[in-house]
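Scrolling down, you'll hit the structures one after another.
What follows is a pair of complexes built around chain A, which joins chain B in one and chain C in the other.
Moving on, here comes the complex of A and B:
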């Protein structure tokens, strides 16, 4: 396992397991929980269920990209609705690396 | 679901803004008196938010050139250059801009917005990659929606973040991914007035063979020994493959352009929809812009000095009073306020006191910050700016933004 610090975030260069990705997404999304959605789950719809605007979604994606060393194109981000879909996308891109 | 239901959130926010009494998004300039004064709500106000960096909107030589052109060639071209042909003045303007940058080619657009939209979305296509700074202008984001290329965002002004993303494109499938990479940067960012670390960015782009496009909308005239912008002041004019700019700020009119040395550049004239399917600039605008460019070439050094003296007066004056500003000196000075309502309230109190600036609130701002956005003009006087600092200090104390009950302004970056 290679863990490299690029100064801003810890970069994970091996293929991550699903639990790690889910945990990181939940950490990133925690500040955007609402009274209706206090627990973030796989089926949580990111823009609908949480108090997060599209710009903040893109900023969060940038953090995840640096954590898991993948790039998620903006048009792909636009199609993602749930936490599960986001995790799947990251795992798929990391595996292809 | 009704057509406007999707805007419910924005409508709520907008209602909040309007209930404060004045609507910053529907302000009416009853009469503009000069580059630094306008009558608003029946009162003569100081304007410090018009992007009129050299004050050329009222330059007698530019005004006269426009008047002469209207008399000679009428008010408008009534069509696009593809359909109706170019006037010789369009071509002359393009040659003069190309010459100004020492580049071979120039294309003029009807606005800077269209220049970015058209050029960026057309340069890259299927299998290419467009890499943009997270804080890019709306026109760049809109270009992303129009292109077939994959779009990747990197952290604002962070060459290491760009490097990581270009490296990943290289790593993919164990080898170089086919396709071109175009990196888009801005000379001066329009909200906080900070500049890109262009030299470092260019190094990264060279390492991966990526093309560089720089939008000098706010830096034309303001940066560089000849006023060419950040590309010039950073010493990388030759490494910037495409430079985009606007006539709507320093040059005091309207329109946009892109210059390049690429031998095939002119193909964009028959592929760029934002160029092909809209009317070309009217003769009066072309004439005033040509004259404004002459002013930049002949009196630029002096105007640039005045502008930067004013930048230092305002920036240092506000910092001394405890205001939290954008990270560096620049003709755009962003003043951080703790939240949206405070920004609107502050803006309105300044207007009541006879000073007009812009207010910028999310989602138009990076990182959700709320700002008073000030832009300086070479012809602001020191007295005008000292007065502004006094007024802002008074309001800042009343509102508890600065002074004894110092509140920490939000949205640090």
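Moving on, here comes the complex of A and C:
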């Protein structure tokens, strides 16, 4: 379960299930919902549908990396468009570690 | 791993008295100082004395020469903060090749925009080789497809796998170009500033000399600045190298993740010189304040430089208040001013004087272009506070002009500079060069006024937008909207406004649709296109087509007048109070 607290984030060492990853992403993205995108779904395009700028995107990716103990290569990040794709990437990397 | 020493025990400190980058590195390599890369957790990842950097560069150079690359060939390098950048950059210097440092991709969904930027940089530089981080090798290959002249690309392995041949080195010399600096930003019209060895050496002399940071024995540099910006590359690689200093590096990403590591590194290694745009100081206060270690000690930091965007007095005040109890000396602040066209720096505040501001009357400023001292400086509605950015470097000149006439103190005009640091021009772009260079004077495009021999910058290059330290060209935003066929060409104007939270991007578009729903959809599509293309959140204001967008006398879109109209409330909805 949650095994370590390094002072800045709570690290999840076991392989997460999809629901957890989706829930965390939605929590992270909640402040950036717009009047047109009030509910964040799997197909939500992160930088297109939400009011989130590059610094906040970087922040979120880092938070997720810390939380799930993965490192998403920058070329992979650059190809991600939707919430589903982000969740799948994290799950794939977590399973491999 | 112990950090590299701050001072060289036997090698005398020689301050930028060199003719070229290879000469500079040859000398520094005789000492024990060098660069150390740190992780996001503040652990040293690797340390390379200048000596080792030079040896590695020689190997790379022999491989590049052996592979048949010619003098003056351009080598594109993704300028992340990692040892590969040092190998490729300095290797090119000893092989007679010109490095072309480029940025790394920004965030989620940034692939297409990044590829487009790479393609334009390939085209503008005519690069024949490109290397980068392994994870970006695929993007380099993709972008290079359209350029048959590119005959080597990939991760650093692409160079490493070349045979090392017993060839003579071909170090770039005093009369050569050094590298091509893309003025950080425009992806559509990238201007590669031609940085010559001579101009670079002149600027380094200014930066490290008495009119600049006055580097002394015992100085140590700390940096998280990206190496694809002039402030990172010249300010925090070449400047310390030119005075044989040690440098401690964090990557820009790790700084953004844990800003406190920047200050921790300074504290632990007793750093004395470190720079940031205002937004970095802001980030350190906003994000770092919760994680300040009890033993943080910033008393060694003698030059806390600010540059790269408009210096924000309120941000620096907050930083000083937050960290004064940790030994930070507000007198260490050194506001400064510069641009890639002068290599990096053109003015510095005198060391030890801290941030000085000038508070002027807003009405006189807006209506008469005069910076008159405000009657009541604390009334922020009527008074505007600017940071004084210091005097011009020795051997250089600075003038503020209006229509060719040199203005006196407190009259706002365009800033022109002249001197040995000025670029010969944009690389292979005579027309763009002629637009900004005349008689040895560079038109900076920035606005400001002089005050007792110092410059006060009141606005940047007229249209450039800087968001969180990133330069965004308004035409990139407009083209992105047009490219998505959201509106037609000329129907959108992008600009930024100053708000209490920093700069805010506004896009004015002609609303050629009827009905509230269609208008809302248009605004949404515009905002979406902007976010996707440049990763910036913006406000969209719809302008009735009958009103149109203002144009200049030559028929070009006038962003400044669009902005003036917007601020005057001529477009609905009215802007929120800034």
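Observations on the structure shown:
Operating definition for what follows: the second predicted complex is superposed on the first by the 96 of 97 C-alpha atoms of A that agree within 3 Å, B and C clash if a C-alpha of one lies under 4 Å from a C-alpha of the other, contacts with A are read in each partner's own complex, and residues count from 1 in each chain.
Definition applied: contacts are C-beta pairs under 8 Å (C-beta built on N, C-alpha and C of every residue); 3 or more make two chains touch, one makes a residue touch a chain.
The structure presented is a predicted model; accordingly, all values stated were derived computationally and were not measured.
Applying the stated clash criterion after superposition on chain A shows that chain B and chain C collide.
Using the contact criterion defined above for the overlaid structures, shared-chain residue A:73 touches chain B and also reaches chain C. Within the superposed three-chain model, A:97 lies in touch with chain B and out of touch with chain C [touch as defined at top]. In the overlay built on the shared chain, the residue A:58 is in contact with chain B and with chain C.
Once chain A of one complex is fitted onto chain A of the other, the partner contacts of A:30 are absent, as it touches neither chain B nor chain C. By the touch criterion defined above, A:48 reaches chain C but does not reach chain B.
Counted by residues of chain A touched, the larger count belongs to C, out of chain B and chain C. Contact with neither chain B nor chain C is seen for A:17 once the two complexes are overlaid on the shared chain.
In this superposition on chain A, the options for chain B are 114-122, 168-176 or 402-410, and chain C clashes with just 114-122. Across the superposed pair, chain B and chain C both touch chain A at residues 7-8, 53-55, 58-59, 61-62, 73-75. Across the interface of their complex, chain A is touched by residues 104-111, 114, 133, 135-136, 138-139, 253, 256-258, 291, 467-468, 470, 524, 527-528, 531-532, 535-537 of chain C. Residue ranges on chain A touching chain B, taken from their complex, read 6-8, 11, 53-56, 58-59, 61-62, 65-66, 69-71, 73-75, 96-97. Residues of chain B that touch chain A in their complex: 134, 144, 150-155, 158, 160-161, 164-165, 168-169, 171-173, 362-363, 366-368. The touching residues of chain A, when paired with chain C in their complex, are 7-8, 34, 36, 45-55, 57-59, 61-62, 73-81, 86.
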